[in-house]
Amino acid sequence: MNRRKFLGLGLGLGAAAVMLPSTLSAVNFRETKTSAFEGPKSHTVDEAMTELFGTSKTIAGKVTLKAPDIAENGAVVPIHVSSKLAGKTVAVFQDANPESLVAVFTVPANGIIDYKLRIKMAKTGTVTAVVQDGTTLFSDSKMVKVTAGGCGG
Amino acid sequence: MLLNIVKSTALVALASCILNAGEFNAQAEKDRIALIEYTVAKFKDAEKNRDNFFPYSTDDELKNNIKKDIKVEEFAMGNYAFSIQGQFSYNEIKDMPPYEELVEQGEELYNDNKAIQACFPDTTIAGDYPYFDQKRNEVISLTGAINECLVNAGQEKWNEKKGKMPILQAYFAAQSTEAEKKVNITIPTAEAAAAYERGKEYYYTQRGYLKLSCATCHVQGAGKRVRNESLSQFLGQTTHFPVYRLKWGKDKVANGLGTLERRMEGCIKDQGQVPPKTNSKQMKELLYFMAYMSNGMNVDGPDVRK
Amino acid sequence: MKKLYSVVATAGLALAISGCTTNTVSTPSFETLDEKQLCNVKSNGIENVLATAAKYNKIAKEHGVEFKRLGMTNTQYINETNKSIKAGSDKVVLLDKKGKATKNSVSVEYATQRACKFAVSALILEAEGKKTWRTAVPGDGFKY
Amino acid sequence: MAKKTRIKAKEKKGITTAKVMANHAMLSYDEAKRAKKEVNFITSMIAKVDGVIVYEVSTSQFLSKNPFVQFKFKGANKGKELEFTWTDLKGNTQTDKKKIK
């Protein structure tokens, strides 16, 4: 209860701050698709995907997701998403954490779908990258094993 | 004062190296070359050499996770030299490593400390430590030299494992790497050779309740697994310190960086033994021996590990 | 040529001296210690075995070969066992790596025997190691 | 949040590659609870050249601490300034600039 209240407040502030500079064209998915990020029902990848895109049906292919087979450390998992599609929205999901949506990219006019980021994973799970091209969703998934890594102090 | 000592010993070391090369370091050179030959042979083709070197590894592991024909220089990367699995993460994280800001902090530490500047006018010295001081007849580690410099200048000692110490050392390492320096350990006297031998004996002697020697895991065991950890090879083990470890930096980035001594302590504890004190003779002689085994390899610190 | 002789001579001397110091530290008799007999709590009694543990662990510590397990040195282990006996407890509470009490404990009997075993084995291992370490060195005793 | 965002931007054959590392604890709900701190993480990142958006992402609590992102875009020349802004859950924002090499 507290948490939801707090989140609402945070988003309000965030929205206000974002509105100030000239980012009027920006789509803030945290604001418009709050439920996809934090929704009480969106705990699985499918549910979050539906909240975000209206469907969870994806076609495998045309998207390349690179991630390690075994993470060196669950706190720093490098991810690389790339695609030649002319999609406008790219999303990254994972099922190792209670909420599954990690990030949503809005591809600008000059943008190229070639994104790298480093994410946290609480345990072994599958990372999924989705590119929305028109009304079709293309995806690629990869399982990343997370163990408590490294010996010695 | 210390600068003079360093300068003079360096000169003497250089001179005696030329004079006595092949005398005091003859055994060490033999050991070094034998270690290179062993390591190269072992990783030439893991799958083919299974009977000799990897009797307990799975087919999948040997085929898909151990690289073939590794060059000597590559062994400085630790287990990432052979572990295909680890390489993706390593390369990605190395692309913009978490320690970059710490190297800059190290530069600030250096620029703000006149005493350190006077003791270490040359910042590209990471590959020259530990060295054998002939006047004092003992091994001097970089950590020891930095603290001695601070104390001589009336300043307080730094923690030998984390904090300012590895941060300054990261700056030295980065400078040395940029200047394309190589590991350059000399054995100038009979006493130095004896220190080297003691370090060697420590490395190869079984210790602790698990009866493991350093070599059990990192010579004979290199490339094998302990649980999910690929054991790194001895060759090149000291070239890249200080190291940023993801597990050390989990809560605070500044804690992520550690000196070689910090890493050694953790490793020796895992052997089931009380580790020697960071600045003890035993530790310094062990590091002296280990660094000699990486002689001629590129200094490539700081680096990042899991 | 003469110079070379002197160099070899000093090197030999230095090696002899250093070899000598390390040899005197470890008395060869440790290798023949009978750990099972020394550390048998039933036949020797807890107090005696704990005294044996303390005696040999002190030497192990001086030699730099003291055992450590799960964040606890053998010295801590012996001290904690002594404390428990003095307090009349039959349990020894284990410490974490910062020296703080954990939730885990073992019986005094077990702790005594293990402390003794660790102390004695450290010395036996050290003595054996002097003879065997070269068998692990590539280019020396290690053949592949 | 005084620490600067580290930015490296390089242009080659018309494509600019930007590597960015923001300085942020990225405390997730679980981590904040454990550390008894307030939850806070970056919720959006935007990069612009000449006022035109070249990168835009809405982010969650699952980005690593001191999050790193890399992105590519067309149409910018060497010498132009890349402006990178992040906003976190509490509404803090930080903007840093770097010339494209």
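Letters are used for the chains, namely A, B, C and D, taken in the order the chains are written, and counting of residues starts over at 1 for each.
Everything below uses one rule, namely that a residue touches a chain if its C-beta (ideal position, glycine included) is under 8 Å from a C-beta of that chain, and two chains touch if they have at least 3 such contacts.
Fair warning: this is a prediction, and the values are worked out from it, not measured in the lab.
Across the two candidate interfaces, B-D and B-C, the one carrying more C-beta contacts is B-C.
Separation between the centroids of subunit B and subunit D, computed from CA atoms only, is 35 Å.
Subunit B and subunit C have centres, each the mean of its CA atoms, that are 27 Å apart. Distance from the subunit A centre to the subunit C centre is 54 Å, each centre being the mean of its Cα atoms. Averaged C-alpha coordinates put the centre of subunit A at 15 Å from the centre of subunit D. Counting partners per residue, subunit B has 98, 269 as the residues that reach two or more other chains. Within subunit D, residues 65, 68, 70 each touch two or more of the remaining chains. Along subunit A, residues 75-77, 116, 118 each make contact with two or more other chains. Across the whole structure, chains are in contact as follows: A-B, A-D, B-C, B-D. Those residues of subunit B that touch subunit C in the complex are listed here as 20, 23-24, 30-31, 33-35, 37-38, 41-42, 52-53, 190-191, 193-194, 197-198, 200-201, 204-209, 211, 213, 215-216, 219-220, 269, 272-274, 276, 282.
For subunit B in complex with subunit A, the touching residues are 85-86, 88-90, 92-93, 98, 226-229, 245-247, 250, 262-263, 265-267, 269-270, 305-306. Against subunit B, in their complex, subunit A makes its touches with residues 66-73, 75-78, 80, 116, 118, 147, 149-153. Interface residues of subunit C, counted against subunit B in their complex, comprise 4, 7, 10-11, 13-15, 17-18, 22, 61, 64-69, 71, 73-74, 118, 121, 125-126, 128-130, 132-134, 136-140, 142, 144.
Against subunit A, in their complex, subunit D makes its touches with residues 15, 26, 28-30, 39, 43-44, 46, 51-65, 67-76, 85, 87-93.
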